[in-house]
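In order of appearance the chains are A, B, C and D, and numbering begins at 1 in each one.
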Amino acid sequence: MSSSSEQSPGEGFRARLHTIIFEADTPAGKAFDVALLGAILCSIVAVMLESVASVRQQYGLALYVAEWVFTVVFATEYVLRLMAVRRPLDYARSFFGVVDVLAILPSFLSIVFPGAQSLLVVRVLRLLRVFRILKLGHLLGQAEVLMTALRASRAKITVFLVAVLSIAVVMGTLMYLVEGPAHGFDNIPRSMYWAIVTMTTVGFGDITPKTVLGQFVASVLMLMGYGILAVPTGIVSVELANATRLRPDTQACPGCGAQGHDLDARFCKSCGTGLDWKGHP
Amino acid sequence: MSSSSEQSPGEGFRARLHTIIFEADTPAGKAFDVALLGAILCSIVAVMLESVASVRQQYGLALYVAEWVFTVVFATEYVLRLMAVRRPLDYARSFFGVVDVLAILPSFLSIVFPGAQSLLVVRVLRLLRVFRILKLGHLLGQAEVLMTALRASRAKITVFLVAVLSIAVVMGTLMYLVEGPAHGFDNIPRSMYWAIVTMTTVGFGDITPKTVLGQFVASVLMLMGYGILAVPTGIVSVELANATRLRPDTQACPGCGAQGHDLDARFCKSCGTGLDWKGHP
Amino acid sequence: MSSSSEQSPGEGFRARLHTIIFEADTPAGKAFDVALLGAILCSIVAVMLESVASVRQQYGLALYVAEWVFTVVFATEYVLRLMAVRRPLDYARSFFGVVDVLAILPSFLSIVFPGAQSLLVVRVLRLLRVFRILKLGHLLGQAEVLMTALRASRAKITVFLVAVLSIAVVMGTLMYLVEGPAHGFDNIPRSMYWAIVTMTTVGFGDITPKTVLGQFVASVLMLMGYGILAVPTGIVSVELANATRLRPDTQACPGCGAQGHDLDARFCKSCGTGLDWKGHP
Amino acid sequence: MSSSSEQSPGEGFRARLHTIIFEADTPAGKAFDVALLGAILCSIVAVMLESVASVRQQYGLALYVAEWVFTVVFATEYVLRLMAVRRPLDYARSFFGVVDVLAILPSFLSIVFPGAQSLLVVRVLRLLRVFRILKLGHLLGQAEVLMTALRASRAKITVFLVAVLSIAVVMGTLMYLVEGPAHGFDNIPRSMYWAIVTMTTVGFGDITPKTVLGQFVASVLMLMGYGILAVPTGIVSVELANATRLRPDTQACPGCGAQGHDLDARFCKSCGTGLDWKGHP
């Protein structure tokens, strides 16, 4: 999260603030992160509980107060973060900067639009920030492998989604003509919704074909969805295999710098130094 | 789409028409493609909206007029395309030639058969033509990889579909005998529909087993479908892996023409020229 | 299917019968197979149609007659097959011999137990025999690859099924205790049926959790099923990849007998003879 | 299950008891295991039958007696096991020691809390112990391969689960705001339950979107779930492929001890001794 060590020179207060807020290596920094983690989880649970009618009737006021307390806490934290970095505007525009604003905005919105406070659950995204204190740092490495695999598959997945939507348009229209509004296929958008529900094998059953011809078309669509389901799975499998396979080539021995170790190598083949075997912990 | 450069010699008008309609490199050609893309999307949305009862009652006439305007526009475009190519009959028989006719036919059909205009959604296929203007040209390369993988799996998928249908026949009949018309399994075709809904894990729930024996047979069918689901996924995964793995062999270095580069090579191993790394953009 | 050339020496009639019935190379043999294919398909359609109440009321007698005609035809064919082979008992005990008997038995059973004629759909298995006449011979090669992959995965799939059933027992009981008969979880076997429906992601929706705790347990089960779904898919993918990868090692060049060609080799690397590239047609 | 041969020296009775109870090589040990297998299966079936109302009314007393007989038998067996090992406390703390207690506890609990005897189905876990007598020993090897694959994927699966839960929180809240209590989305926890049901493609259909906007959001969630479904499958596939690929490196030739044999090698490449080809039986 930004090369903080260069951003905070000997400016005293800002440097200390930065260490506490942005880093988790010092006791103070770690305590701050643990407190933040607790506050985020509590505030999400509070929002969820408030949506339950029976809880709201009994503890409505307490939850309302809690919501505003958390909002004030997070707003203060946001201001401190802006003060701790050298270029506040850069931080405000970064991913976490935007998430921080989104995490306090709904409370103020709820004054004008009642109910908007449910949007506070977006605070769940703030949890990404405190992963490291749970020693989940290596998880981020894994997430990166996943993201690399997904990004490499982007073009294939787009082709795939366009194909799925085109099939949904054509098959949805066909079912609208075959079954008609009498059997729940009220219009083409609704039939497309049914086609997507069917192709993804979700199958809610709120709309189902009643005629023999409709059931035949649905069967064809299902078997098609079956085959289509295989494509994204295959894509991600291959890309994940590639992402994993590419690892040894980018991993240099910490001892001698030699590369090209085997996938299952635990020791450098040149000098015998133990390799950091992240992939299989 | 067809080697246009040889088809259009110095015949003046036809050559210009061809450049505008079939190519997207010139400003005029690009403007034409963008306009066409807009027209196709608008006409599909119009057909969809017309199927919604409340919209039809209010804007029925406007949508009816729009539908005919788009039909006339697309018919004109079709005639221009026929004029722009040297061998009109060849074009009329090609995939896009047939799609072009299908995209205007339903309007005329709807004069005789009311409701046929819903078939106009087939215009969605025309979108394939304008992919390139969105700089989605490389997507077609990806689609080709997918198609290669699917084509290579054709025989395995046929075996798989025959197996699925045979199981649907046998298990559907079994459930018809076990549950009977009293529980929704009215006849064998309907039971086969249920078997396919179950095996593909769609599970609408419009027909469900009620007896203990029926629920046991259904459980067996589900676990079977589970294993069967794995087969097409596995097939496509393997073929996709093969299709990806074969790439380096067909990719020659743009500098020296050397082949056989590693899957993850970014530079030619003979002369160091940067390789066009399409697979992982 | 069986090394017929050695079984039929110069015994005249039996040899000719064998050629017609068991082989598809001669015009007579091919005509026999095509007629048989038609008869099997017609008889299956007849059984299906008979199960549809409205059709049965109108054409019941015709379908009844057709059923017995097909039964007599298939019985005659079975007797001829027994006569055409040297060791009739061996044939009667073989897979196809048993299927042939199963294909005529239900008709006679239906005299004693009305409704048993629905079992005639087992005739669908007889179609396996006539695959070759449709030039689908190479499909059997593909089916063999699939079967090899499945057989190699047998032990892993058994472990997997035992795990799934154990989870179904434990989670089914848990839901029976949490939700109880009031919400459709009448007893443990029924709850196990629900657990299997949920884990396989079929999700009929005939039984669903109503309490908050039940919905929580169900969510855990679903996410578990998600991960479990990945196991058979992964197993079959890996085995299919192995089955495909092993091919080059077992394929000798038809010209010089050299082995160990690359997966994508189209020509022998020793002598340049074209290789039979079955895997990717 | 612990290196028993060293634990039981010449202490006579304990050694004999250990051989019978913990091993299956002697006739007495095998008979004990078979009897235990039967007792476990019978006791599980008894618990299941007791949950069926109609069976309970008729055979309630018999099942109650059977339950206590099995409990006494298993309690005795547990005491014998404790006597047979040198360090009883170590055994009591081991996995199977805990399972043994859990298998008798619910009977005593049911005296205080009626209905608790359903928990006796946990006895299904005891079956793990008697796998070997069914010559299913090699299955445990397979289970180990699966476990290795799953363990290696642990970090990736955690990332995946966190991602799924975060999406469930955000999308569930969105649907709660869009559809509201009027359409079954009563509160955020219930909406999250719906989001998980939808993302895992289970799709019970007990709660379904009714508004156009809700159906659109649901469609997006389904297609997202589609892509997400691919991730765990891909992960497990890759890890399974690795787990299989690593095998030859750990398998030494029983003849000369050479390692590094090819995946499909059936004979040692150094001395020609037949290799134990567990992976593909």
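What we mean here is this: a contact is a pair of C-beta atoms (placed from the backbone, for glycine too) under 8 Å apart; a residue touches a chain by one contact, two chains touch by 3 or more.
From a predicted model like this one, the values you see are computed outputs, not experimental measurements.
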Task = For copies subunit C and subunit D, work out whether under half or over half of the interface numbers are shared, and give different or same accordingly.
result = different
Message = Among B-D, C-D or A-C, which pair gives essentially the same interface as B-C, with more than half of the residue-number contact pairs in common?
response = C-D
Farthest chain (mean CA position) relative to subunit D = B
Message = Report the inter-centroid distance (CA atoms only) between subunit A and subunit C in whole Å.
response = 42
Inquiry  = With centres defined as the mean C-alpha position, give me the subunit A-subunit D separation in Å.
reply    = 30
Query = Among the residues of subunit B, which ones contact at least 2 other chains?
reply = 189, 201-205, 229, 233, 235, 237, 241
Request  = Examine which chains touch each other and state the graph shape they make (line, ring, star, complete, other).
outcome  = complete
Query = Can you name the residues of subunit C that touch subunit D in the complex?
reply = 152, 154-156, 158-160, 162, 166, 169-170, 173, 176-177, 181, 186-189, 198, 201-205, 208, 212, 215-216, 218-219, 222-223, 225-227, 229-231, 233-235, 237-238, 241-242, 245-246, 249
Request  = Enumerate the contact residues on subunit B facing subunit A in the complex.
outcome  = 44, 47-48, 51-53, 115, 118-119, 121-122, 124-125, 127, 136, 138-139, 142-143, 145-146, 149-150, 157, 161, 164, 189-190, 192-193, 196-197, 200-206, 229, 232-233, 235-237, 239-241, 244, 263-264, 279-281
Inquiry  = Considering only the defined contacts, which subunit A positions touch subunit C in the complex?
reply    = 201-205, 233, 237
